[in-house]
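Structure incoming, see below.
Think of it as A, B, C and D in the order they're written, each chain with its own count starting at 1.
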Amino acid sequence: MDVLQDINLEIDAGDLIFVTGSSGAGKSTLLKLISAVERPSSGTIVFENQNINFLNKNEMPYLRRKFGMIFQDHKLLYDRDCFDNVALPLQINELDPSDISRRVRAALNKVGLLNKEKLMPITLSGGEQQRLAIARAIVSRPSILIADEPIANLDKNYANEIMNIFYSFHQVGVTVIISSHEAPSTTIKHKEFNINQGKLNLEKNVPLLT
Amino acid sequence: MDVLQDINLEIDAGDLIFVTGSSGAGKSTLLKLISAVERPSSGTIVFENQNINFLNKNEMPYLRRKFGMIFQDHKLLYDRDCFDNVALPLQINELDPSDISRRVRAALNKVGLLNKEKLMPITLSGGEQQRLAIARAIVSRPSILIADEPIANLDKNYANEIMNIFYSFHQVGVTVIISSHEAPSTTIKHKEFNINQGKLNLEKNVPLLT
Amino acid sequence: MFLVIGITLSLPSIGLLFLDNASQLSNKIKYEAEISVFLTKDISEDQIEFIESGLKKNSLIKNIHFEPKQDAWDKLQTKLKLSSLEGGISENPLPDAFFISLNTLDSDQIANLINDLKTIEGIKEIVIDGGWIKKLRSILYLIKVGVYTLGSLLIAVLIIVISNTIRLQTLTYQDEIEVSRLIGATNSFIRRPFTYTGIIYGFGGGLITLGILKVIVIIFNLITHRIEDFFGGLIVIQNFNLKESILLIFTAMLAGWLASFISAKQAIYRLEKNI
Amino acid sequence: MFLVIGITLSLPSIGLLFLDNASQLSNKIKYEAEISVFLTKDISEDQIEFIESGLKKNSLIKNIHFEPKQDAWDKLQTKLKLSSLEGGISENPLPDAFFISLNTLDSDQIANLINDLKTIEGIKEIVIDGGWIKKLRSILYLIKVGVYTLGSLLIAVLIIVISNTIRLQTLTYQDEIEVSRLIGATNSFIRRPFTYTGIIYGFGGGLITLGILKVIVIIFNLITHRIEDFFGGLIVIQNFNLKESILLIFTAMLAGWLASFISAKQAIYRLEKNI
């Protein structure tokens, strides 16, 4: 049985997209398909006019670097401290060490973890781990930010702060795709896709109010 | 710096306890102290008139079997299928295989995962993993149920269902301790402890309404 | 994995096998240690018989072989291809001799014996084939040192290899160990699957060792058979017998159990540190 | 870890060392292969000189040693302790002889040479010392087979041990590999730390191997020194020279690199299957 069926969606550069649906609906699966973490059993995914299915192995890493991914299970490295976890994407891009430490600290500061840069992730609280994952996703200033339930482990205050970070990225032209259980409550122009029983419905196409 | 300071709380058998606090407040730490997963740097934890600190290594396993723990990071075993994950506590108690499969199926059914018993946890959605962790905690019918943010990854419907499972355990005399970001919304008699800056406050002591 | 254990275990076993065979060989040869007693040229038949009976009474002497001077002369002629030399010597220059095998290799006892023999009238000269014995013992000593060095090095490798493997396993099952502990498994419950695996590794490795030994002994004996002429069938390696084979497998299982027990204990301890 | 690699690597190295030394020894001995040419008893000085000059022209002949019959007789008497025997023989029964070392071991060439020599007048008998050569070569052949068997088994162990270790490492760093891939690391970026580790393992293991070899050669030579009389200093093991040592370390590093490269590739492949 296929988790997702008859899915058809188009995301323009600079869009703010919400994917909603109940537990097990297929939100994570859809996000993984978009970011080429998983391959579709049938159908095609087109990114910048390229069919990702036909991308060969050597090109895949360079595609992935355009995405900032926040996984539902964080996927932090528990044998490196917070600083090194956030530094990883920059090391992969082979930046200067001085550049790296400047940008890592900026990212950690944004999620309120600058004072914990030398701690190991295992000693962080659940919400702090989630924020660390967000810092790692934004540190390389990706052109597409994909976040799978980024605020599930956070209380109201932190949730709002984090959502504002995403909105500020969207403001500067980054494409932002966020999954969540509930419909978003924002006045910013966005699209909301709801997954229900494997089908995708465009719930809302909220225009910018102001 | 100590995460928790001056904490003093007493839990009676059969209580329904909520621990609230913002991200990083120390909810998980408190729950781990209560269940003897972590040891306090100072102070004592008394369980059934026994100081847990003085418990020796051989007695610890038997203490732990009285607790049903739901960890914030699930701690599922990704090399066993759902059935075997839930069966683990019963295998540790060395029950009959027929007893085990009967009780495992009952627990999986309670969390709505009976049709996924042969799947590996890695293929489950975030919410399904959370429900699987709940099934593992309740399968051995513990006298104390400790759940660290058990509904963070769940949408409203599932959240209500899961909370009702906890309430039903409480109804039959099980001590239930649940942490969450937000104040609980239930009409059942419960205590709510709020952690703020390392201090514990008894927020509410809600009597049974009816 | 079985193969690694098998190969590693087979090497010291081969060493032991060779050592075992070599010391059997050396026992065989040791007791053929000889002294040669040359008699005076003009000795009479009676005197020879008297000396022989005297020698037979001596407890240190195992075996006596009398070689008349004519036989010795014939042999020498054949050996040196002198038989057909023109102008051969008519007179035999060689003396009669006793070739005596001894029951002992103790050099003091042998020296005493020789001193005793020297006093007997009619005995002219005594030659000990001691050099040959010493040489052989030296070679065996060398082999022994080599095998023991090799053996202890390899046993070290074996222990490290097995515990490395189990360590790998405990690392792979680190989560399982942690979770099991958290939900109340006793340490012995956690260790059980690892020790089972260790014992099975030992058993499989032991079987493979026996297989390797079998093949090597067969190959070795095929080779020595080809050049048997030169060694007179001396160097035929005997494989372990059934009892020794069972002992080997049992040892391997024990080693596997021990290595896994220790590794599992360490893995649990590693987790206990962070309670 | 270094120790495991060191010990494992040192064993085939010891084998090679011994083989190297043994084949040097065998070369030394091979070319001392001799034939003995016995002359007729009544040969004249002129004839001897004529034969000698003839032999000297033959390209197959490396070295000629003439032994007058008197010398041979003296030797034999010493050898058999006959010198002091009463009633010694006045007449020397032995012939003059040439002892010839050959440049070749080819049995056809030797047979031809012997046939040629037989036609020369004054030559009575020719004896080839072939048996001794054959025996020695057989022993060396045996040693060679043993060392190669041992060597290949141990190299198998080495490869398995190194790749096992790296596999252990990739398992420990499985999460790191997965996450790195997900955020866009190229395969070579992911492999890099593992291959570095593999090379360092190889280097450290190689150094330890050299240390072990050094100690073993010293011990061995101490032992052989004690019993040197019997071997005439023949069995003195030469350790690897600088060039060979560097080659050994280089080989170990290469093996480490290869094993780690393969293990890392496998680890990545394992993850690629579940994309």
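Assume a contact is a pair of C-beta atoms (placed from the backbone, for glycine too) under 8 Å apart; a residue touches a chain by one contact, two chains touch by 3 or more.
Computed from a prediction, not measured in an experiment: that's the story for all the values here.
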Exercise. Which chain's C-alpha centroid is most distant from that of subunit D?
Worked result: B
Seminar exercise, completed: Taking each chain's mean CA coordinate, subunit A and subunit D are separated, in whole Å, by 65
Problem set entry | Inter-centroid spacing, subunit D versus subunit C (mean Cα positions, whole Å) | 23
Exercise. Between subunit B and subunit D, what is the gap in Å from one C-alpha centre to the other?
Worked result: 71
Exercise. Among line, ring, star, complete and other, which one matches the pattern of chain touches?
Worked result: ring
Exercise. Of all possible chain pairs, which ones touch?
Worked result: A-B, A-D, B-C, C-D
Problem set entry | Contact set on subunit C toward subunit B in their complex | 173, 175-176, 178-187, 189, 272, 275
Problem set entry | Parts of subunit C lying in touch with subunit D, wherever the complex brings them together | 3-4, 7-8, 10-11, 14, 38, 40-42, 76, 80-82, 84-89, 91, 93-95, 124-125, 127, 131, 134-135, 138, 141-142, 145-146, 149-150, 153-154, 156-157, 160-161, 164-165, 167-168, 171-172, 212, 216, 219-220, 223-224, 227, 230
Exercise. Hey, which residues of subunit A end up touching subunit B in the complex?
Worked result: 21-29, 72-73, 124-128, 130-131, 148-149, 152-158, 181-182
Problem set entry | subunit C contact footprint on subunit B (complex, rising order) | 37-39, 57-58, 61-65, 67, 69, 71, 75-79, 88-89, 92-93, 136, 140
